[in-house]
Every structure is written in C-alpha cells, then in structure tokens.
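Each structure below appears as structure tokens.
Below are two complexes that have chain A in common, paired first with chain B and then with chain C.
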Partner chain A sequence: MKRGRWLVFLFVSPAVILVGVLMYYPMIGTVIDSLYATSFIDPTPKFVGLSIYREILTSIDFAEVVRNSCIWTAGVVLLQNVVGFAFALLLDQRLPGRALMRSLVLLPWVLPGVVAAILWRFMFDPQLGLINSFLIRLHLSGQGIPWLAQTSTALPAAIVAAVWKGFPFSTVVYLAGLQHVDAEQIEAAIIDGAGQLRRLFDVVLPAMRELIALNVILTTILTFNYFDMIWVLTRGGPENATNIFPTRIFELAFGEFRFGEGATYGVFSILVLTLLLALYAAIRRGAERKSAGA
Partner chain B sequence: MMIPRILLAATALMAVATTAPAQTVTLRFWDNQQAESGLSIYQKEAVQRFEKENPNIKVDVTTVPYPEYQQRLLTAVQGGNAPDVATLDQIWIAAFAKAGVIEPLDARAGAAGITSATFFKGAWDSANYDGHLWGIPFNVDAWSFTYYNKRLLQQAGVDPQSLLTWKGLAAAGKKLTGNGRFGIGLFGHKGEDTTVVLDSFIFSNGGKVLNADGSCALTSPQSVAALRYLQSLVPYAPRGILNAASGDMRQLFLNGSLAMEFWPALEQPTLLKSKLDWGFVAGTAPAGKTPVGTYGGWNLAIFKSAAHKDAAWKFIRFLTRTDVNGSVVDLIPANIAAAKTFLAGKRRGPRRILKYLEDAAPRPLSPRYLEVSNIEVTLAQDVYSGKDPGAAASTACAAIDALH
Partner chain C sequence: MTRGSRAAGRAGLASLQFGLVLFVLLPVFWMVSVSLKPATEPFAIPARLWPDHPTLANFLHAFRPEFRTYFINSVVVSLATVAISVSLGLLAAYSFTRTQFRLLSVLMALVLAAQMFPESAIIIPIYRIMRSADLLNTYASLIIAYVAVTLPVAIWMLRAFLMRLPPTLEEAAEIDGAGPLRTFLDIVLPLSRPGVVATAVFVLVVTWQEFLFALSFISSKSMRTLPVGINDFIGQYGISYGELMATSVLISLPVVAIFMVLQRYFVAGLTVGAVKG
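Take a look at the complex of A and B:
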C-alpha cells in the first residue's frame, strides 16, 4: 500500500513540476514584479508596494481597459454562444449535406487568428471592404463607414469578427450536447403535444444546462485573453476604444518597456481569470455530483 | 649534412605541433527585414565574404521580420540571451544605453578613426546619447517623400513642384479629391509611421517635439501651426484615418484611387514593380522654409553580454565599410559614400533623396521615446478627429512632462 502511494507520487511528480515551473512560477513572478517599480531603462527593481496599483486604479486608461474588456467579453461570449447554439440546432436536423455542413462550419475556427483578423480588417475597410460595398449597393449608406476607425464602432466591429472566428467552437460543443439529450424525453414531449419551441425550452435547454454553463465559462476565459484579433484589427485604438487587458499588457511591456505596470495589469487579469476558473471548477463539480447521483 | 636536416625537420614539426590553431569564434548577429528585398540572400553573401576575410570568425545570422523584432530582441535581452551584435532602431538606442545592455563605442571608434564625417549627420546623432557613442549607423531613410500619381496630377492640372509647399499640397489635395478618389494619404493608426509623419510636418515648420532639457515642445506656435495644417488636410484623405497605416495608403495609391501618399524612399522598390506612372517630391514645408524629414534607420550595437566583443567590432566595421554597406541594407546605407552608389543604382531621384537625408532630423533622443511616441500618436488621433490642435497639444505635453 505504502509502495503504491510512492509510485503514485513518482508518476505524478513530473506533471506537477512542469505545471509549477511553466505556469505558477511565471504567475508568482508577475505578482512580485507588480510590487516593484521596474522598467527596461531602470532595471534595478525598487520595492514600491501597492503604489503602482493605486496609480493604475485611479488612471483613466485602466477605467477604459476595464470597460472595454467587460463589453468585449460579454458581447463576444453572448453572441458566440447564441450563434453557436443556433448552428448546432440547425446541424442536428436531418438535412441533406449535413456532414459537409458540419465540416464547413468549422472553417473560421481552424483559421489562424491572425489570418482571420487580417481578413476582417479588409472586410471592414472603408474604401475597399466588402461590408461597405454591400451597404452602399443596398443604399443603406452613402459612403464607406470607417468601422474600425471610429471610437463608437470599433469595439462592436471587433466583437463581430471575434464571434465569427469563435462560434464554431460553441457549435461543436452544443452539437455534441444535443446528441446526448434523452430521446425518450423528447418523444414524450411530442406525445404531450409540445411544439418545437416548447421542446427546446422545457426539455433540451434544461438537459444541457451544465454544458451551457461550462461552455460560457470556457468562452469567457478564451475571450478575455483573446489578443491577436484586436491587435491586428486596431492595436487597441482608435484612442483607447478597443484596448483590453491583453493588448494593454503587451503595449506596456513590449511597446513602452514598462514591465512593472505591465505586470500590475497582468495581476488584475490573473485575478479575473482565477475567479472564472473557480466558477468553472464549481460547475464541473456540480455536474459530476449530479451524474454520480443519477 | 644529414643531421642538420633532421634537426631542421624536427624543429619545424615541433613548431607546427606547439602552435595551436587560432580558436574559431561564432558571432551571433541579429537583424530585421523591412522590405521584400531578398535582403537575407545579400546578407548571406556578405557574411561569407566576412568569414573569408576573417577565417577565425563564423557569423550566425538571425533575421527577424520587422513587426516581431522588438519583442524578440527585448525578450532575449531580458532573458540574458542577447546576441553579440544587432541592429537597433535609432529610437531604441537611448533606452538600451540607459538600461546598460549595450557597449559604448567611443574608444573603439576613436582608435579606428571612425568619425561622424563618414555618415549622415542625423544618423550619427541618433547613435549618440548622454555624451557617448552607442552604435555605428547602418542604414537610414527619411519620412516622408510625397509620392504622386502622374496621370491624376496631369488630369487635375497640378504642378508636382507645387507639392513642396504646404499651400500647394493643400490646393492639390482639394483638386484631386472627388468622384471616389482621394487627394492625400493621411494615416493615424497606433504605429510609429503616424509619429514620423507628424514629426516631419512639425520639423518643417521649425517646431520640435522635445526641448533640449527633455520638456515637451509641442505647444510651441510652430508645432501647433503644423498640427492645424495637418487637420486642414483631413477632408482630402481617405475615410478611416484613425485606423489607417502607411500600408493601407499604399494599396489605395497602387490601385489609382489615391493621388498622393507619404512614404520614405523604401517605397520605391514597390512602386518600381508596379505599372503606376509615379513621381515624388522630397517633403513639404511652408513657403520659404526647407522641408525637414524625420530620420528613420538602424544602428549596429554590441551587447555588454557579448562573448566576442572584438569580433563583433570587426563585423560592425565590415558591414559599414563603403564597399559593403550598400549590399547589406534594404533601406539606404548610412555610409554617405556607399549611399551615393546605392541611390544612383537603385533609386529614382538620388540627388533629391540625398539632399532630403542631409536636411532630415532625428526623433527625440530620449530613453522614454517609446512613451513619447505613443503620446504623439494620441495627439495625431485627436487632431485628425477634429479636436482643437492647441488643446490637444497641451494634453500631449502634460502627459510627456509627467514622464520626467
């Protein structure tokens, strides 16, 4: 018994060491860095405690980054899940060419992030873009709208691009979920005279509750950390209209060589992600308990 | 007779045996590539030539695409894995020097007789910070030449020489805008190209970005007048200035929907490959003033952590030599003699380019330049989006002065 326990430790330890070195060491390093004033030009760290936090918390930049991150994350997650679920419902029907459609729908997701972003930068172009071309042809706009160059439209435009890129992930998850909904329950609902909408809200959605919650949390984590789409589309501009945590961290650390402030933004980012991960873990535990109970 | 011969042979053999072959060192050199020039092929040839001239030195070249270069280099320096020698953007020199990661080169340059006279003044100035020389100028260029579409200007009856004055440029912009076409390719995205164009207008009106003491000079009447002038050009520019880059303007210029674009001489290889009938003038300024461009370019620096500093210095001297410099750059050689040959063979209007380079000014030599530049981008975006230039300059100056 004792030997068996040692063997367990032996087999688990490489993974634990790897996770510790590759994940927790840099994370702890970031927290420590945030307590020191350090930059490339002044590399000798000076302990300043929480003063960088105070400075950042009272800055306009931080308020803008928080606001943008909230709108960006909420917008992308909500739309990505709704669109993803709608496509999953569609692809769950017995339609001709279903297998081909299931493959094609994955295309945006398998495209590299930078390629997708460049594609959308062209689509939104005020002079050459496809979107403006359509709007002008349909007489919905007299001239090209600079979607990514106006503070009022840049973030919504970036959200649309990110939803297009990410919705297939939700579609795949929900499609798998739909195929595990108890067929007997659906048949019973049909016998009871429930229409399609009724079946969706009373049978399908309750059966997929945990899966939806898990997918929402996962897409929230991925979206909050999503860097390349916004960086390629706008670099966080115009002004600060699309600056979110990852782009601001990159801008501070690599664009201005301000490592201490970059680290502080990083700590805020870690805090948000830790909360989301805790939520994810709680939902998973609840789902596991439920399935064990069943 | 036999004995002395044997002795001689034995002595020779001993000499060979005791003289250890000189140790071969491997030099790590990092550079970036800005244009689709096939530069790495020419660099390989130059490296082979260097290795032939210096059989004890091998050069390991790493060429990084420009957009990734800063991040890769910074990560390497922070991780204690800096190359021996690398090209540094002129605007990084002060920061790298202040951080103490590169070597001062005054003594080596002095001993080798290398002086400012060999290089363009602005390029040499950009390598000097805090009373020391930190790099040897490698390549240069200046923002910005005004490239124009000859056919569109002819149709509108615009004399290209009129573009050299602010009044003429604005008038041409007005004439050339309409019917789905645009006159002037202004851009104001978050990027260094936005800053250098802004600076060239400020410099050409006698303004400055920073004063000698490092304080902000953007609220001076000359600087504000330049900002006001730039704002007056907005109606003649393609829509979406705040997210447009020089590359976006190039696309419109090449497809004939933009009459004029601002680019350094680096643009010429692209235009030469196109079917467009184009010309250029060297900058623009108020009547009676000389257009002053903004210097761009790279300096060669040796890292403090370099294992082979002497070999690195040999390599720098080789790359900046008159007979070599022109074949290893994709901008313009910083060595004036090499630049003359390079421009005569590879660029249109070599004399105009040379004159513009001689008049150009470097960007502020501040260790916090990158922050200053980001503030300037915000200033440009404020101006292009219609805010009062005076008020926008005051906001920018408050932010710049708060850095110090």
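Take a look at the complex of A and C:
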C-alpha cells in the first residue's frame, strides 16, 4: 500500500461502515424481509417465498396505495416546483425588502415537519381553522368543510400542506440557477424587444432545463418517500384515502407487526427509487457531456 | 406592448407576489397569534387573526415536565449527531477530494448515492439492527441512525466546499515537512470553517425534526424527542390549541434562530453542490 493510503482509509472508514450497515444492508434486508411472514400473534419469521407479493399485488389496499402515491407525488412535485420557481423569479427582481423575503421564504422549510403538519391540521380544522373561517365569513360555506376527514378532500389538503413545507428548497435551488443564466443572452433578448414572459420562455427556461429536470426528479424521490406530513395529518385515513407507501409500511410494520408485508411495500418503493435514480444519472451525464463539449 | 397592458402586467405580478407571500407567512403568523391567545378568550367563529389580549400564559403551560424531558432529549441527540456527523464527514470529504485512486472513487460514489435512499422504505431492517444490538429506547440508536443518514449529504456539501479551496497552502505545508495529519489539522480545518458551519446547520435542521426513526425506535416516554412528543399532545385531554401552538413555537424557535443567524453560510453551502454538482 502506498504511503499515506492507510490514513485515507482510516479517514473514510467510519463513513463507509455506517452507510454500509445502516443504508446499504437495509436495502438488501428489505428484499429478504419481504420473503418472510410475521404477525402480531406469531412474531417468528417464516419463509413464504413470493406468496406475500402475490397476495399484495391482488389486494385493494395496494391498488389504493399506488393510486394515492401517484396523485400525491405528482401533485406535490408539480406545485412545489411551480411555486418554487415563481418565488425564485420574484426574489431575483430588485424589489424592496428582498433580503428579508429571502430569509422568510425559507421559514416553512426550517420549521420542523411535525410542527408544520400540526399547524396545517389546525388550519384545516372544520370549526377553528383559518381556512374554514374565511369560507364561513365569505358565506361560501355554512359550517366549514372537514377537509381532512372526508375522502374527497383529504389528499388534496395534504398536498397543499406538503407544498407549503417543501417549496422553499426548490426556490433556493432555482434562485441559484437564475444567477447562472447568461446575462448576455438576456440582454440580447431585451434588445430584440422580448417582454418578460418571452424572455422567461425563450431564454431563462431553456437555459435552466437540466437543473429543472434534476430538481423535479429529486423532489419526486423526496415526496414519494415523505412520511411525516401525512402521518400527522391523517395517518393515511380516512378510509385509506391518503395512505401512501411510507405510511402503509409504517402501519403494517409497527402497527400490525406484519414485517413481511411492510417490507414488500418497501421493495416496490426501492424499485421506484431505482428507476428515478437511473433517470437522474442519465440527465446528469447528458448535461456534463454537453458542458464538456461546449 | 402597449402602456395599458404593461400596467396590467405589473398589477398581475404584484398580486401574484402578494398571494405567494401570504401563502408562506399567513400560517406562521397564525401559529404565533394562537399561541398568544388567552384560554379565556373563546375561539370566535369565524376566527380572529390576532387576539384582543395577547398573553404568554400558553407558553407557561407548555413548559410541562414532559416537554422539558423531550426538549433535553432532542438537544442531546441533535448536538451529538451534528458533532459526529460533521467531524466524520469532514475527514471523509477531505480524503475524497485530496486523494484519488480507483477504490476510493468507488467508495465515494457509493456513499454519496446513499443520500437518495428512502428511510421509510428500509425502516424495517434498520429497526431490526437496532433491536438485535439492544439499542431500542436509547440515545445511541437515534444518534447512530441520524449520523448514517446525514453523513452522505454532509460529505457532499463539505466536498463541494473543499474543492474550491486552493491546494497550494497544503502543498506548501507538505514541502515544509508537515505530515498529512498536521496539514489537515493546521491548514485544512481552519480554512473549512464556513463549510463546516453550513453543514452543521443542515444536519441540525434535519436532526431536530426527524420523526420516523424516533417514532420507531423509542417507545419509552422518558426517551422521546420533541417531534414524537408533540405529535402525542394532539387531541390529548387538557391540551388546548393555544398550548399546542405555543409548544410548536418553542420547538421551532431554536432552529429558526440558528438558521436565521447562519443562513448566509447555509444557502451558499447548499447551492454550490446543487448547481455545480
């Protein structure tokens, strides 16, 4: 071994061991766990092969969780990126109080997730909540809508709360990206007489295409696996209406001690993650090749 | 573009601005407002935006003994995680930036990729590891798990920072006969302070609010951290919304304060990695 290399290994080994044991091993462990059945009455794992998969794939619960997860992820990611980008554009202008706004906009992101969830539970409260108060005052609703308690509104309500909590991260990323848009191109567009909207669609958005794509994938991964918000708001209810993969896994594993079923849902999450990571890597490589060629 | 449509555009932009700002700030404002509302002032329907006679009574009630226990637990776990994660992260990031050979690059790619791993999907084996190591209901279970989860991001942020430090100073130290350890302690460590601060803030924000591991590993009341503790307060008999909001403010204050003071470092640290990768 070359001189100094032992020190390098000494420096990186704690990180490598911890990440290996607590992040990589569990990825494989989840697959193994999905082949063994346990229950509250009989906690000793029994090998059952793929039978849990067969059972889950034909269950209504799974279909509902998949549907909810799709709506939840698509809704949160879309709105979070649109609102995040809009805020970035806003904070990029020379407006009074910009510095203060730049700090305040990060407030939801810094606020602990459980606190944000409790706050929104309260916002959505049928009688005491701020949202229903406005609706009642404006005579749009007689006695307030139980947003989180009815199956038709629970998931959209949870999406609004999650967007509020998550968009500042996208704002920070996009704000940094805006600083890197070529000022000369914008100047040229202004000379060509392009208005603000034209400049946005013809210059700014194309220049930030890769950054936007990467951020969309990143927020998709985070949102698909986001547990705190829905657990505190609804615990997946009412009647499964907001149950997504993370809450279903937790409920199965720690509520019903069905580790095998929980792990099987986990395996599907890992598959989704793998697809998204592959996409992420492909876009990243494409962007690097382009900037190397330029 | 005509003058009229330009003015309309500006008005549209201004109202969009107002709407966005309202969306961000109104819930936070309301949390503070309700936390200051006296218990005697009934909830008016429709709700009032600001109480007639603001009071700190809810905050006094919020300092219940359970809250104090949860608070201390959160402080211990978070500080330990920040210290360990940033130290191990800096050592690893330094090695990954300054030395290059095949095996090391592979290890680095593997460690950095783990920042995308979904804890909620792999919680069952992690729980099993903690159970078989007899660590359930201990600080250690949380600290170890939090360090493992935050290390990949910490290394990624610190590496982005270290890559921008010119290697000339270190080379000079080496020519002067300083060993690699000396160089690290005397040259790299002091220079990397802004990166360390940014990373520490990030790890703190993540750890202070962590919910899933705390909910899974800790069943004993005396070992709970704040997020699990306050979640348990919801709907508990005798805890009013005013008190719940006061507790929320108390939980948020430490991280919000630290973040506001140090955010300049933080935003820079985060975006270096995000934009340039």
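The rule is simple: the second predicted complex is superposed on the first by the 271 of 294 C-alpha atoms of A that agree within 3 Å, B and C clash if a C-alpha of one lies under 4 Å from a C-alpha of the other, contacts with A are read in each partner's own complex, and residues count from 1 in each chain.
One rule holds in what follows: contacts are C-beta pairs under 8 Å (C-beta built on N, C-alpha and C of every residue); 3 or more make two chains touch, one makes a residue touch a chain.
Owing to the predicted nature of the structure, the values given are computational and were not obtained by experimental measurement.
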| item | value |
| --- | --- |
| Chain C versus chain B on the shared chain A, clash or fit after superposition | clash |
| Which superposed partner A:Pro26 touches (first chain B, second chain C, both, neither) | second |
| Which of chain B and chain C A:Gln127 touches, first, second, both or neither | both |
| Chain A residues touched - chain C or chain B, whichever exceeds | C |
| Contacts of A:Leu106 with chain B and chain C, given as first, second, both or neither | second |
| Touching partner for A:Pro146 - first (chain B), second (chain C), both, neither | first |
| Which of chain B and chain C A:Pro238 touches, first, second, both or neither | first |
| Partner chain in contact with A:Phe254 - chain B first, chain C second, else both or neither | both |
| Which of chain B and chain C A:Leu50 touches, first, second, both or neither | neither |
| First (chain B), second (chain C), both or neither touched by A:Leu273 | second |
| Segment of chain B that clashes with chain C, given the candidates 7-15, 43-51 or 61-69 | 61-69 |
| Residues of chain A that lie at the interface with chain B and also at the interface with chain C | 127-128, 254 |
| Interfacial residue positions of chain A with respect to chain C in the complex | 4-5, 7-8, 11-12, 14-16, 18-19, 21-27, 29-30, 32-33, 83, 86-87, 90, 95, 101, 103-115, 118-123, 127-130, 132-134, 136-137, 164, 168, 172-173, 175-177, 180, 195-196, 211, 218, 221, 224-228, 231-232, 245-246, 249-250, 253-254, 259, 262-263, 265-266, 269-270, 273, 277, 280, 284 |
| Complex interface listing, chain A residues touching chain B | 40-43, 125-128, 143-146, 148-150, 154, 233-239, 251, 254-258 |
| Chain B to chain A touching residues, read off their complex | 70-71, 74, 78, 95, 98-100, 188-191, 238-244, 248, 251-252, 255, 257, 367-368, 370-371, 374, 377-378, 381-382, 385 |
| Chain C residues touching chain A - in the complex, by the definition given at the top | 1, 9, 16-17, 20-21, 23-28, 30-31, 34, 43, 45-47, 88-89, 91-92, 94-96, 99, 101, 104, 107-108, 110-111, 113-114, 116-129, 144-145, 147-149, 151-152, 155, 180-181, 205, 208-209, 211-212, 215-216, 226-228, 230-231, 234, 241, 244-245, 248, 251-252, 255-256, 259-260, 263, 267, 270-271, 274-275, 277 |
